[in-house]
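Each of the next two complexes has subunit A plus one more chain, namely subunit B in the first and subunit C in the second.
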Partner chain A sequence: MEIDLAALASQLVVGISRAMILFIVCAGLSFVLGVLRVPNIAHGSLYMIGAFSAYSIAMRLFGGSSAGFWLALILAPLVVALVSLVTERVLFCHLYEREHLMLLLFTFALMLIFGDLVKIIWGAEYRSVSAPDLLRGSVSMFGASIPRYNLFLLIIGPLVAIGLWLFTNKTKMGKISRAAAVDREMVGLIGINVSWVFAAAFVIGCCLAGLGGSLVAPTVSVTLGMDHTIIIEAFLIVTIGGLGNMWGALVGSLIFGVTHSFGVLLWPQFAIVFPYAAVVIVLLLRPRGLLKSVW
Partner chain B sequence: MKRIVTMKSLVFLTALYVTLFILLPAQAKARPIKVGVIDCYTGPAAMFCKEALEGFELALNEINKEGVLGSKIEFTTRDTKFKVDVGLSMAKELVMRENVDILVGTISSGVALAVSDYCRGEKVPFLVWISKSERITGEKGHRYVFSTGENTAMFGKAGGVALSKKPFIKYWITGDDYEYGHAIADAAWRNLKQRKPEVEKIGESWWKVGEPDLVPYINAIMAAEPDAVIFCTGGGSMVNVMKTAKATGMSDKIPVWIPTATDTTILRALGPGGPEGMMGTSDYLFYHPDTSDNREFVKAFQDAYGKYPAFPGFQGYITAHFIAEAFKKAGALDKEKFIDALEGLKIESPAGEIEMRACDHQVVLPIFMGVTKKVPEYDFLITTDIITLTGDDVMPTCEEIMKARGE
Partner chain C sequence: MFRGIIDLKSLWAIGAIFFILLILPPILPRFYTYILALIFVTSLLAMSLNLVLGHGMIFQFHHGVFYGVGAYTVALMLAKTSLPIWVGFVAGPVAAAVVGLLIGWFCVRLTRLYFGMLQISLGSLIWAIVFRWYSFTGGDDGIHGIPMPPFISSLNSAYYFILIVLVICMIALYLILKSPFGSTLEAIRDNPQRCEAVGVNVRRHQLMAIVIATFFAGIAGVLFVVLERSVFPDLLFWVLSLEICIMCLLGGWFTFAGPMLGAAIMVALRTFVGIFTEYWTLILGVILILLIFFLPEGVMGYFLEIFKPQAKEGAERRGE
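Moving on, here comes the complex of A and B:
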């Protein structure tokens, strides 16, 4: 198959747009990893809860109208924030001093519990969220048609990145979180209530998972098991980007998304392999990730 | 006078004792028929399995009103988690500890094949529903395994025959990278190429099961400009495929055949926004054929579960009736007699009379082909321009099956 520049360009756009969702989810995971030192395996479940909540809000409460979608985009992450706040205050906050293996097991248990809760609340049916009228269909770019929704993701991703940068660099809360990521004892010693800093950081990280879930909902089937798919990719991305480094999550997501979409074009039978091969290469060259890890 | 009354009550008491000590244990001897259901109740596949179980339960509620051979059919379920090792150990547990008479399940072809092999050794009848690998009743078939659903050979042949009548030459084949996907692709392409040798496969692409983002795949296919695309996707990927085909504009530009595009489970999930004009195949449609049997089943299913039945519900329903009718015909709770009775058994179903073919233990079902269309009656798409293929049109012959089994 001959490959023209138009096809390459459109694959690049599509790959980057997928990377935006991965980035939003991974930034949350990385943030929690950095500040709390918790490898949160249940992060994928919160992404799934975000997607299911978006379904309930957009399709059930608002009957699939455009307004319903926009509201879901705001409210679904808040639902996830609430779930994560309760989880943090009731369970997590007692466990921070435990070793990583314990936390890993604990979040794994949470993943199973959340998975079953979703099954109890929403059932096993496949759910589908309609995109708003504005974002339906496709536009012609470089001679290929690209779904409008993917272009929308290209706008949302950088907005979230800018928002996170402003939060971590310009707000007091953000600065404390960054400080806690570097040296949490010191932050406690200067009289800051570390417990609430942790709670806030956890909720913000999980909220991003919820946002990722509600953003992905119109492009996929909202179904049980979407937590497993995302969490493996998310951990790979966070690892190649540098544990706890949000910009690493961005770089990792871009590598993952773009190698995937180019792989599909260049060697479709083996496209599955490309992003994982990229992960292997990165880890061979830079075992601690591309950017500075806070661990 | 008083004495006589006492005598009467003595007689009555004796009668009561007789009932209690002789009749009751005698009734207890007619033990229930135990069915072990192994299927996947976690993850994306759970939707199909839950519905199959609902259809099964609905039928058992009807059957148990009068009972089978004076007893009732009971069932117990186990979750395979879509894993072969888990499914196999659940099957063993049900056979050895629960002493089930029959095993039923499962959505995963891999699990079905492994359990089938185990059942062959243990001489336990195993009725397979939902999973579609043609190997279950084909090359890997044996005396103890039956299939109550259509399989990849049937779907693939139906697709191949239908596509050979279309003018397309350049095809792209794509789908989920697992047993079902490749089996459908092989069967469809084999049948298409046989009937129309000039067709050409210009490319293939396979994604991992559950791949959330299909836009790069579909973009790449559109860039290659095939005349038509064969999608070999099942279960969880279907909604994604249909959504992406619509969002990228593929459904308007390139003809697409997907074995399960017209399946109610998928169209129901997509709602009114599903893509129109997709060619697909299904072995059960709740609105076709519009017979009183079908309407009754649909109504009973809706009353019980609040939704229209799709193919898993139908397969669960006929599986229960096959079990009940076979035991009635066998006249005893005996596994070997049950199998003899089930071979060639014909039952009435919502889709008309269906038969369990004796030579390979594969149910003979009609297959409905058509295209998706929006209609005002439902808030999701349905199939129109339906062509009904009978089982005989699309099933491999008994000779072909025996050849595949090396017999």
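Moving on, here comes the complex of A and C:
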């Protein structure tokens, strides 16, 4: 089969840039999973809330101007952080001693509630967010035209990865949260308030979901149901990467994004099957994920 | 950990409930007959999950896949081939059990959360295929208007068929749980290391439990097709799977009949709350959170605790 090289290159860039958004979302999920040991099903809903907040801020408050987009990129994750902080302090923090399954179902309940709240607040229509002037249009590379916004994502993804790495390895807060992931009793014993460490980790993880949501908003139509799609993909990526491992989330996202974009090229009807098949193959070879899990 | 021996009183109660369910359809409006039949189908699904979830503590997070595989198998056989009807009815559960064996074989190598995550990914692969294969499964439209033989073509006859199959399956599940196999499964749940040490093949027992549970999920899938005469990919979607987990939790996942009660509550909630408001998932979420906070043992577990203090004591004694 002859494959057009230009199409290949542009699909590759699109795939990797999509992987960057997946990575930002999955890094948040993985971080929460690592520290709190809870697979947060509501993570996808927070991503959706991030996207809708970005819409409200960029399109409603600022009428689609460039400044509005940049402001939305900063404010939407903060809105999500606020939502997650309230949820954690009011409800979630009372449940940490319970069975894993209970925590999982609790986050599922949150997903159901958030889903309907989004429907009540923003309605069921399709929304779109316009990219700022700087990132509109496309540039020509390798004989293919590549949207500028995708190139922007290619820069943002590694920046978030570096930022998160610096946070977990160089700051006191990050080190405490890593320690809490390994042995929470010990962290409590040396006089650190574990409850607040968990709250901070949860909020940071959810904030990343919000950032992912506001970044994805200009590339897709913002609508109900985007939580269902992203969360299952995020779960798979985190599993193949190794639960709680940030670099694993990056590798998993790249595998997922790239196989999907090649799927689009090779067999469009079954493009959705390619990443799932890749996940299954990885899991058959390494059932516990590619990289070491944190617990 | 209620596994009480059937006493005369509960036998009478079960008999009375069965008798009432038998005479209901001619009296009730069509709509309520349909809801009752849907509750039966969902109950069987929830009870099949609870065999592995509540009694085996195996994190079967994607049970809906097997339900869907059973339903799709029988739907495809009835809609696209002219094989006799019973072949389809047998093929549905068998296909579900085969898929259960395949997925389970990979998953039992892992434990707890990893088990659940691997199962979600393998199940999602099947969902993605069903969702996209328009020429074979009808893609996201599903298959509608599946022909049914005359003996179950009316709603009332479908109701009786489903009720009878449900009762047979419940007896079978109860006997399985009372058998040495069931006891071993519960022993593995309570202490896998000790079971391994006394020479129980833990993984093989778990795999067998998964195959049995998926077989019954396949039966539930067949019954769904009998009732609805249509299938759609949402049957295999992970949201449904987690809803089944909720049914078990809601009813009480350490009791035998709890999941049934949970299924009834869920179906009734969805139907009747759905009439008044489109935001029924919001209400479900709130109920679920209240439940997790105040009734961690489920509705059935709560009632058992109130009415049968001796059953609880017995469980505690056994737990020591």
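The working rule: the second predicted complex is superposed on the first by the 291 of 295 C-alpha atoms of A that agree within 3 Å, B and C clash if a C-alpha of one lies under 4 Å from a C-alpha of the other, contacts with A are read in each partner's own complex, and residues count from 1 in each chain.
Simple rule for what comes next: contacts are C-beta pairs under 8 Å (C-beta built on N, C-alpha and C of every residue); 3 or more make two chains touch, one makes a residue touch a chain.
Just so it is clear, the model here is predicted, and its values are computed rather than measured.
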{"item": "Which superposed partner A:Ser261 touches (first subunit B, second subunit C, both, neither)", "value": "first"}
{"item": "Which superposed partner A:Leu105 touches (first subunit B, second subunit C, both, neither)", "value": "second"}
{"item": "Partner chain in contact with A:Thr87 - subunit B first, subunit C second, else both or neither", "value": "neither"}
{"item": "Contacts of A:Ile272 with subunit B and subunit C, given as first, second, both or neither", "value": "both"}
{"item": "Contacts of A:Lys119 with subunit B and subunit C, given as first, second, both or neither", "value": "both"}
{"item": "Contacts of A:Thr239 with subunit B and subunit C, given as first, second, both or neither", "value": "second"}
{"item": "First (subunit B), second (subunit C), both or neither touched by A:Leu284", "value": "second"}
{"item": "Partner chain in contact with A:Ser253 - subunit B first, subunit C second, else both or neither", "value": "neither"}
{"item": "First, second, both or neither for A:Pro39, with subunit B first and subunit C second", "value": "second"}
{"item": "Residues of subunit A that lie at the interface with subunit B and also at the interface with subunit C", "value": "115, 119, 228, 269, 272"}
{"item": "For the subunit B and subunit A complex, residues of the former touching the latter", "value": "41-44, 46-47, 49-50, 174, 177, 202-208, 210-213, 215-217, 219-220, 222-224, 236, 238-240, 243-244, 247-249, 265-266, 268-273"}
{"item": "Interfacial residue positions of subunit C with respect to subunit A in the complex", "value": "59, 106, 109-110, 112-114, 117-118, 120-122, 124-125, 128-129, 131-134, 237-239, 242, 245-246, 249, 278-279, 281-282, 284-286, 288-289, 292-293, 296"}
{"item": "In the complex, subunit A residues that touch subunit C", "value": "39, 41, 91, 94-95, 98, 100-102, 105-106, 108-113, 115-117, 119-120, 228, 232, 235-236, 238-240, 243, 269-270, 272-273, 276-277, 279-280, 283-284, 287-288"}
{"item": "Complex contacts: residues of subunit A adjacent to subunit B", "value": "1, 4, 6-7, 10-11, 14-15, 17-18, 59, 64, 115, 119, 123-128, 130-131, 136-138, 144-150, 216, 218-221, 223-226, 228-230, 260-261, 264-265, 268-269, 271-272"}
